[in-house]
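Pasting in a structure now, in structure tokens, and then I'll have a few things to ask.
Note that the chains are named A, B, C and D in the order they appear, and that numbering of residues resets to 1 at the start of each chain.
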């Protein structure tokens, strides 16, 4: 049989409802609590029939997976994104014989309370807060439960404490070395937990703080060094984290040349470029851990 | 001469550099301060030559307007978005005889400090904060200076304290009345000041807080009522504000029907729809003020 | 009464449902036709009650305006975006005594047929086409009907035939003059018709073609000149158009300096910058016409 | 040593300049040709030094990778996205001893000529065309060259010829079965070639056409079935393709319930929902091929 005559076969496949936005209000008298999630379900299993012959016998519809998200929000509440994802992932695999693996991806949007003097004891007003989005991914294959948390859109900047020099100069190199530059990035991180129960909200807050502190405290000779400092800080101080993947776009702040106007720019005026941008990505693992987080965190 | 034979003439026109992103760092020893603006310049005046004959004799290039933004950030610093805009607007009109009006639009991005324990006395680390963007528009025509401030992207939600009923029912009405709903919106506001000097940052913070408080404290029978409560609160308590325009998309939170699953939804589980959405827009003015803010705040 | 004691009053206001996406299929045997619109309704009239006291007595809900869009798509079909908007605008004003003005904004998305050999005589497969979005705005105040058509997102480029020199040089000017540059822009246009019935689809196609041809055929000494050539071409050749507003961002293509690599760049290699960008905006009118299109086509 | 005491180590890492937008003009007398690419470079190799100690000795800067893109556009031209990516990938690996693998990702934007009557024989005017973006990914590890092509943003719709029924009904199922629905999706595809030289532009055009035809010609009982028909059509008719990954969001077109208005909706009026949406993803391979394309084509 010639090479091109080999027929087509079905490979990895998954399906489900993406981006179901659910808001869950819990009332504790006049004090309300709010959880705001976007939930994406991806199921896989024995799905040859539907792909090859269009038979839906083994298909739990994406519409049903959406309904399940809403019903579970009522029945179980949303203790945390991770808890909610675990419940959903276990449900799909355990209730459907054809489904062998469920992956639940969640974005969580942060709100804080508005403390208005005229509201008395009522506490039901909120304002969206922060730039970053919290993420969680729960995967269950019937046996193993994998929990990956993360964040994206956390924009940070050091206005000094960053140098860049000593790099390779080849025929195409024009960049000038510098001993004082602005270092700014938009942190995109995912970290995998080595356990399946924890105070997930506390883990998130703790990890986020370590990332911020490591960024601020690292005197930097390259964004790679800063990235590794951030990742190893998390591995070193959060024993529940086995692995962290960081994707750090270098949000270039270039010093404006003011000399043509007879002015000196003593690291005071910068222009911010959108594109192109350096993109630094790496995984930092606990020694001996198996890497499990995909390499591509951005959809470039 | 037939109607269609009437020739073409040039009407209102303006030009300039849009979205120049400038970051200004000010060093006070180890304590750094940061201003982060996107500045858009629009100039108009005697520009028939360039439109009709391609002669650039009266054209200050958009590239030069960009350079001016950077040079002014160095020479004058950025005391506030409004002060910076005033300086730029006055400069273009006073230095170029062909330019009669300059309009400067500014977006300002908020940063807060990262207080990391290992930074010692150094204070040069920042994280982007808040969801909203502050805006300012300064227009100078050689005589009159108009200052309009604003914000966009401020997302707020009341989880109760909102009813909606008593509206017109025509042939196409299917909406059910409700005495308890979630009310959420993304505040897009511009307000015009009646004066040309003030503590602009304090004015902004004060107005933003009034908008938040009025939203939270208003028991609402319609989003129009809430909008007017927000606008009139600002007019009533900020004497420097002559007029405010609010554009409030109704970020619909619909109660999920859980009855098919044998569950009761006691105002607990909502789904959030993206489109379509109600859009409520109005101007609230101080009695006797001339309206000056354009009606279209969104680019629908 | 002191100035600040003047109370707040309600100014211009409008409301309605924005971005209702309606797809209308018409079946002509096995040949299907498709119209794909996003419709935004804005109503205004005697709305003091709802703003000041929360009474919805005069409020036709935004939900009802959405339902009306769908019902009219069934009852009347969608002959063109303009025809559909005229029907809706007339309906709201004539059927509701409190509504004095209706403004309908429409975006139309283009599709073309997929001619697949295995489809036989069936013609029900489509692919989205083109980069640009067609727009229409119909305003009816009970007497006057105003029809404004437009497009946005039409990206065009001339790889030669553009010079730029002879401009003002002030203290902040660094730009080099050039006699051969790339000229590229994303056309954002709105034009107002002087009549209320026409073959609107033919008018749109004709105007779009004139814009493209005038851009291509104009040897340019400035983007302003090109803009005016485009606008006056439309006024000159489409007698039904009274006024056109063009907003043209200069999509800068900068020549890359290859000299450091020992290479000559003979107008061959360009890098494209996102921001900042020159923004050139102007109205071209038929002599004697009253300008009616707002100045801000972009939401800067 | 306790589990948490295991130290951090560096895992997979890569870096480079992302989204360098390069436009290459080639002049053939008055006839110009244009290539418009966004190029993202990712390099990996012996990078422990820079991550762990901030030493840039082995770092070719991201700025240099950007310069190389521009210089190569001049030196070699851009025969096709794939050819250009192969040249770049080989260059980085062969010229830098520390770099062991280079991955070049490219987006290509389509333009077509504007044929204006007044241009005479000049052919230097272009308009952006099509909705979809062509993609290419070239990976070279010093030995093996992997070439993956693709497209994204190709929106297609069948207005009939689609049924959906026979699926699982569980406690959370409410969806009604249908024997005639609109099927629409935005095709996101990547396919891996089994060879390293070919007429890449012809391969792209041929594959794109097969995807369109298979979508149009398949009478569908599920989007999974349509996906597999599209993938297997490519594997069956393009011998150079070893594997294709498709990610198909179900762009839901829901029939509007017009009964409350006394109207019948005979598959004529649909509303289009943005979110949530079904997302169907699968790989189709030539029998015996090793899957090589990552599962996540979207950045959910």
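One rule holds for everything that comes next: contacts are C-beta pairs under 8 Å (C-beta built on N, C-alpha and C of every residue); 3 or more make two chains touch, one makes a residue touch a chain.
If you're wondering where the values come from, they're calculated on a predicted model, not measured in any experiment.
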With touch defined as above, tell me whether subunit B and subunit D contact each other through largely the same residue numbers, more than half shared, or through different ones. same
As a test of understanding: of all chains, whose mean C-alpha position lies farthest from that of subunit C? A
Counting only Cα atoms for the centres, state how far subunit C is from subunit D in Å. 30
Provide the C-alpha centroid distance between subunit B and subunit D, rounded to the nearest whole angstrom. 37
I'd like to verify one number: the distance from the centre of subunit A to the centre of subunit D, where each centre is the average of its C-alpha atoms, in whole angstrom. 22
If I count partner chains per residue in subunit B, which residues reach a count of at least 2? 20-21, 67, 71, 172, 174, 260-261, 275
With chains as vertices and touches as edges, which is it: line, ring, star, complete or other? complete
The answer for subunit C against subunit B in the complex is residues 3-4, 6-21, 38, 40, 42, 47, 50-64, 66-68, 71, 95-96, 105, 164-168, 170, 172-175, 194, 220-222, 224-225, 227-228, 231-232, 235-236, 239, 243, 249-250, 275-289, 291, 294-300
Touching subunit C in the complex, subunit A uses residues 171-172, 174, 260-261, 274-275
Please name which positions on subunit A make contact with subunit B in the complex. 20-27, 32, 34, 36, 67, 70-71, 73-75, 111, 114, 116-119, 122, 124-131, 154-161, 182, 212-213, 215-217, 253, 256, 258, 260-261, 263, 265, 267-272
